[in-house]
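One structure coming up, written as structure tokens, with questions to follow.
Per-chain numbering from 1; labels A, B, C, D and E assigned in written order.
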Amino acid sequence: MIRGRVTGRVWSTKHVETLPNGALLEVETEDGGRLIAFDPLGCAEGEAVLVTQGSVAAGYFTKARAPVDALIIGSIDE
Amino acid sequence: MIRGRVTGRVWSTKHVETLPNGALLEVETEDGGRLIAFDPLGCAEGEAVLVTQGSVAAGYFTKARAPVDALIIGSIDE
Amino acid sequence: MIRGRVTGRVWSTKHVETLPNGALLEVETEDGGRLIAFDPLGCAEGEAVLVTQGSVAAGYFTKARAPVDALIIGSIDE
Amino acid sequence: MIRGRVTGRVWSTKHVETLPNGALLEVETEDGGRLIAFDPLGCAEGEAVLVTQGSVAAGYFTKARAPVDALIIGSIDE
Amino acid sequence: MIRGRVTGRVWSTKHVETLPNGALLEVETEDGGRLIAFDPLGCAEGEAVLVTQGSVAAGYFTKARAPVDALIIGSIDE
């Protein structure tokens, strides 16, 4: 997993139907990179989070074939 | 997922048979990288898009074994 | 796999339910990168470890769908 | 997927038995990186190609468990 | 796949039980990176090798759930 910080939120009105409903947060990683992660936890801007990537992220969804390759799995205690 | 911007389209007349029909768009990512993603949404050049990668991208196709490792899953509202 | 060194531990009180119980260690890799890996071995700070990544890491858990994409699989003899 | 250009071929007399028969081409990617990809299309040196990576590449082979993580899926029209 | 050169061997006395028996070799990649790969072929230090990564590497093992994300699949003819 990687550690990151929530820096914003992304909205996508036009999207594939298999994208689960929920928040897509912009996360800045420790090395200055950026990614968009699905957030099932209701994290706020500025919160330190733990992000898992790849097919492991999609496995979180019980609905098959969610096209999600980055998932916030926890908020890091600070 | 990563955020990118559509910069062009790629055509491949000679390709493996399992490649699904559809548009292959060139996307420039925020960090200046480039990738080619399958586009099921009909995105235009210059559009900001959300791209998912890896086996999760292939999972979008109901036809088994699509050799696609990058998929545009949404257009980002701007 | 990659070689790394344990530099700390991360706690996450607010997390998804499918995250297995256990230690989440911060690991610095040889090239100066950082990641958070699940540790089933009880490694200590400063220990040299071997980390596996991706869906292979999640496969370690018998409980399905563990959202873990980095796992310490061994302590490197020094 | 990524765009690359074929720069050579690799031969491996000593290899694991599960490696499918066929050409292993050296591909230089747009950002100057290099990888070795399996080529089912008979591409020539200097040809622009589309490469898919990860488990998606292995899925191309009907024979189970092909240890191939990079596959040329098309020649790019130029 | 990536091309690399064997630079050493790693021993891990304390490891997870699902790690298969065999050699774990340190490989330096063309771009100067380093990784640890499982070697089923008996490669020697200095040998040029072909490495596959990710879940494809774990698929080589018939025993389920081997936590191996990098595998030497061939020695490159020089």
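The rule is short, and it goes like this: a residue touches a chain if its C-beta (ideal position, glycine included) is under 8 Å from a C-beta of that chain, and two chains touch if they have at least 3 such contacts.
Here the structure is a predicted model, which means the values were calculated and not measured.
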Spelling it out: a chain qualifies if it touches chain B and also touches chain D; which chains qualify? none
With centres defined as the mean C-alpha position, give me the chain B-chain E separation in Å. 31
Can you give the whole-Å distance between the Cα centres of chain D and chain E? 19
When you check chain A against every other chain, which residues touch at least two of them? 54-55, 57
In which sequence are the chains arranged about the ring, given a start at chain B and a first step to chain D? B, D, E, C, A
Touching chain A in the complex, chain C uses residues 10-16, 18-19, 24, 26, 33-37, 54-55, 57-58, 64-70
Please name which positions on chain E make contact with chain D in the complex. 1-3, 30-31, 40-41, 50, 52-57, 59-60, 71, 73-77
